[in-house]
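Let me give you the structure first, and then I'll get to my questions.
Labels A, B, C and D are assigned to the chains in the order they are written; within every chain, residues are numbered from 1.
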Amino acid sequence: MKDQRNLIYAGFALLLLLSPLFLNRYWVDVLNSVGLYAILGLSLNIIVGYAGMFHMGHAAFYAVGAYTTAILNTTYGVPVLWAMPLSGFLAGLFALIVARPIIHLRGDYLLIVTIGLVEIVRIALINDVFGITGGSNGIFGIDRPEIFGYRIRKPAQFFYLIWAFAAVTVYLFHRLENSRFGRALTYLREDEVAAEGSGINTAHYKLAAFVIGAIWAGMIGTVFAAKMTIVSPESFSFWESVVMFMIVILGGSGSIPGVILGAFLVIGLPELFRGFANARMLFFGAAMVFMMIFRTQGIIPPRPRKYPIDEATP
Amino acid sequence: MEQFFQQLTNGLAVGGIYALIALGYTMVYGVLKLINFAHGDLFTIGSYLGLTLLTSMALTDKLGPFFGILLLAVMVMILVGIVGILLDQVAYRPLRESPRLSAVVSALGASIFFQNTIMLIYGASFHVYPQNILPRMVVNVFGLHIPMIRILVLLASVVMMLALYTFIQKTTIGTAIRAAAEDQGAAKLMGIDVNGVIMIVFFIGPALGGAAGLMVGLYYGQVNFTMGWIYGLKAFTAAILGGIGNIPGAMVGGILLGVIEALGAAYISIAWKDAIAFLVLILILIVRPTGLLGERVAEKI
Amino acid sequence: MSSTILSLKELTKNFGGLTAVDNVSFDVQSGAVMGLIGPNGAGKTTVFNLITGNYKPDNGQILFDDQEITGWRTHKVVMLGIARTFQTIRLFQNLSVLENVLAGCHCRMRTGAFRAMFRTPAGKKEEAHALELAREQLEFVGLREEAQSLSKNLSYGNQRLLEIARALATGPKMLVLDEPAGGMNEQETDALIDLIGKMRERGHLSYGNQRLLEIARALATGPKMLVLDEPAGGMNEQETDALIQLIAKMRERGLTIILIEHDMGLVMRACEHLVVIEYGRKIAEGNPEEIKENPKVIEAYLGTDEEE
Amino acid sequence: MKKFIAVFFPLLALSLLLSPPLFSAETVKIGLMGPMTGPWASEGQEMKQVLDLLAEDINSAGGLNGKKVEVISEDDSGDPRQASLAATRLTTKGVVAVIGTYGSSITEATQNIYDESEIIQVANGSTAIRLTEKGLDYFFRTCPRDDEQGRVAANTIKKLGHKKVAILHDNTSYAKGLASETQGLLIEMEGVEVVFFEAITPGERDYNAILTKVKATSPDAIFFTGYYPEAGLLLRQKTEMGWDVPFMGGDATNHPDLVKIAGNAAAKGFYFVSAPLPKDLDTPEARDFVEKFQKAYGHAPNSIYAVLAGDGFRVVTEAIKQTDSTDTQKIADYLHKEMEGFPGLTGKISFNDKGDRVGEVYRVYQVNENGEFILQP
């Protein structure tokens, strides 16, 4: 069973890798969007999926990263990809500062506070906070990224940039999931009191989950800014956070392949439904409900962690 | 000072409507621990149904404004209540035993579905309630200008909230709802038909939301298919502010949110009004992590 | 000779108007097995929660290993060497037995997010060591065979099943169950409701084994002192015997043990020192023989117990 | 999983089935990018109605240079990311030109995509100045720029003799741009003072708190640069407060629903600046269009931006006709240099080198007691 799954994943990866060769520009660009949201979903998955915290404000961290890149590039002429570490860092720092006082809130109370967070960030961006965000115009004229003097502008070129980032993310997060750190988050999700009673510093891990998720969202903000060449508050609304949230839960909370599939469905389906014209979102909404009903745990729920076989077991 | 009181009445009118919608969130949450993100769209459905019934049946012409609107409200509430029950049966019931967030995503899907259904049926443009159904009087007290209709809206909200509160506290069904909210398992053992209770809750909550939709239509005159999203979010905020699952909390939270918004706009900044409201919410939750009237359950260890 | 490892000084805790723990002081000697007993609601569990940092005392001091730990966060208390089990079972229900034990290893490990992502040699070595340690603990309590099963598949008290089965065996048209959920927590009550509804399959491990697993997890933290809250609750006779042996074995490892228990047989057999509290106050202290004869205790607690 | 597949794949198949089939090469394809869903769906849907009507018109008269015109529309949902996908999709469909879209930041997210694919883009509701300051050769717009409208608005305020003006916008890119332009110009004028300048939150229902605050500054006119739904509510609630201060709006308030929302009584006397409505243009094209639209859809066109999209379509088809070519460079050149005073549905149309529409476009309208929009002399 396990080998079969891995075979499917490998085949899927290969198909994805080759897809720019036989898809047109539009579908490649759809895959780019899917890729961006897959990474966003994976970063949110650390907070929602592993640690089990109700967080519906991830777009706030994404926005910090995208705007950092936009400001660094347009005002200080920093090459786009060089801005990535700082974007990630600032998003992480922002998460550290804002999450600290609210981290002890439980369940739905945390949910509304994170919604409030993303709304406050959006309103701040619209109102041109500190005079650096360009208000509702946003910031425009961001450079395309350059790798070794090679300028990335076509969808197919972005495809490889985005999915390479996704691959690195999957690799690192898979390791994170199967480590002491990943386990600590799982214990936290299962039973906070028992986790604390087993010697796990729950407050620390909650905060760490937020910070790592935010760092990744911030870095992907860089890629988004470079791809769109404009960042504006519309792109970081509460609805964006909801989309990321749906990706995680629909695909399978806590499951890396699940989240990636979730991104394909949540981002891809509205594109597939373009044939329905004005009714496309109606079909999308109905599809969300039905998929959730049929796969109540998410489409690919996480599998238990594997440990080396115990030689004492017969 | 006069401006302060004027703003206070502005905030109360808005808050009354938030409170009415917040009740729907809080009732459903109380029993199912589910945030019904489609609740805002049920509110929109209420305002559209109200418009259709109002214009097609000409009730106010036949029965006069008071009884006409009363009958209209009853019809809208029943219809939206039925939609609520259907919503629960289709989108939530299969998810009772699943992780809580699965139902949240189903609710979001249902919200998208409702919103676009309304758009396809009624069209994307704004719809307008007929004017002058209600008397356009302005009451002048102590130098304040208060349109009569605002007093009526607030009054109607308060009456409905009190009726609900009495229903929940004094009747057998109300007791069953409270029991199911407290502990579903124990309620089952006591012979309470929990599924029946859930159906009642999914009737009353949406019915109140529908009534709020009708009131918004009558009061502000203008409805469109996306309005439920903003009202829904505000009402959810209000429900949390008061302590979700707590019925008086939803009322207090709604009114308070309306007042905070009005005063925030008046004395700090209009453009930052919503951010101020959220900031106040966050500060309140930092101090009182389960809302203003929410129970502070020390976890039993 | 034996030194004091834990010392409670004038500990007081209020919940609203209720004083759950009222000015309680006692010492625990290193290497001892001590029982904390008292009627229901006397405040035993609250004393434990104060020791382990789940609650902060309103007054008084807790010293462990000559260090003041009053008001410390639980994980720090655990780090320092006090591990606990819970009156209401709190396992990570959806994780495997092995992973439950690994939770206990957590505080003796150092791998953080960075080391995990880049899987450094040090991290790998530590992980292997932790797995070995976890398996050792499972071996110790006799659960090694169950390492891979999910902990939620461990069944609830066999006693209660038997009671219901016996009632069913009479072929009734109606079943009247008197307080079948007495002493059960929410999870157990939920399960019981399901059970009454379904009357069907049983799990693999008994309730007693769930208890043992919890103890294994606690042991994995490498504690100097173990705090057990009703370890024999819901256990059958054999399981209780096994527990007594286990307590003795743990003591041989140099552990100090405090336990809350209603099972007087177990308390008398396993403990060498007892503290009795009632209404939040300490009413007696001494060895089992002394306690048995203490009139206050008989009045408050044992008296009613022995009338059975 | 099986159940999921059972649901998912039929859906997929259905959606592919409903996708438009590939067209033959014997058509001229013109794209339309607009918000068909989301909060601005009514605008996008009417844009499509206008273009469908105009294309049918051309086709029934023998087509464009003997070829049929095909309108391919894509939904941008009023969201930059979805807009960029819609734009990329259009570039794969062999369109010569794209009309749209509504909203400056949405348009901006697609400008590079069209430019890199050498496709003409004619925006209809994107008034931000910067869009045409980038030197893009294929970008045009039929709507005037914010600075143009700001100038007309400021002059009108001055002419009406208002001394203390309150300016309200809704923090959208368009409304804020117009508000700042107007404010800048008013400050320079003598004897006019801007006593209030702030943003409301669009999409709400209750603006009493804002109006109460504005009233405290006792302005003698309010200029609101946002959209008609909010303008209608502001008018209505202002009247309910018993406050009869003169009220003026920008071209986003040019929509019949404004009067429906506000009510005739409250809307009476409301001024707005806008490109002229087709009904007010005494040209055969405009008369013809209004008549046909009325016949096809049962009402006059509601949105001025939909009509501007129609103008975008008409200038593109005119250029194709005149150059007898679908070469985008030739079309762009024609639009830049040769098109002069083309009779549009919103007045005469010419473009400058930047792709901006030139000439005096804006007019001043006032609402009369029957709720009709009356062109002011």
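Observations, loosely collected:
The criterion applied here is as follows: contacts are C-beta pairs under 8 Å (C-beta built on N, C-alpha and C of every residue); 3 or more make two chains touch, one makes a residue touch a chain.
Since we're looking at a predicted model, the values are computed, not measured.
By the document's definition of touch, common neighbours of subunit B and subunit C comprise A. Nearest to the common centre of all protein CA atoms is the CA centroid of chain A. With centres set at the average Cα position, the gap from subunit A to subunit C is 41 Å.
If you average the Cα atoms of subunit A and of subunit B, the two centres end up 32 Å apart. Inter-chain centre distance (subunit A to subunit D, centres taken as mean C-alpha positions): 35 Å. Each chain gets one centre point, the mean of its Cα atoms, and the points for subunit C and subunit D are 71 Å apart. Multi-chain contact residues of subunit A (touching two or more other chains) are listed as 126-127, 193, 278, 281, 287. Counting partner chains per residue, subunit C shows two or more touched chains at residues 54, 86. Multi-chain contact residues, meaning those touching two or more other chains, occur in subunit D at positions 37, 41, 45, 171, 199.
Considering their complex, residues 48, 54, 101-102, 104-106, 108-109, 111-113, 115-117, 119-120, 123-124, 126-127, 193, 238, 242, 245-246, 249-250, 253, 278-279, 281-282, 284-289, 292-293, 296-298 of subunit A touch subunit B. Within the complex, the subunit C residues that touch subunit A are 52, 54, 73-76, 78-79, 83-84, 86, 90-96, 98-99, 102-104, 106-107, 109, 111-113, 115-119, 123, 126-127, 130-131, 135, 139, 144-145, 147-148, 150, 217-218, 221. Of all residues in subunit A, only 24-26, 29-30, 33, 126-127, 135-138, 140-141, 153, 155, 228-230, 232, 234-235, 270-278, 280-281, 283, 287, 290-291, 294-295, 299 touch subunit D in the complex they form. If you check the complex, the residues on subunit B that touch subunit D are 3, 6-7, 10-11, 13-14, 116, 119, 123-126, 128, 131-132, 136, 138, 145, 147, 149, 216, 219-222, 224-227, 230-231, 261-262, 265-266, 269-271, 273-274.
Here subunit D touches subunit A in the complex through residues 1, 3-4, 7-8, 11-12, 15-20, 36-37, 41, 45, 73-75, 77-82, 84-85, 88-89, 91-92, 104-106, 108-109, 112, 116, 128, 130, 134, 171-173, 176-177, 199, going by the rule given at the top.
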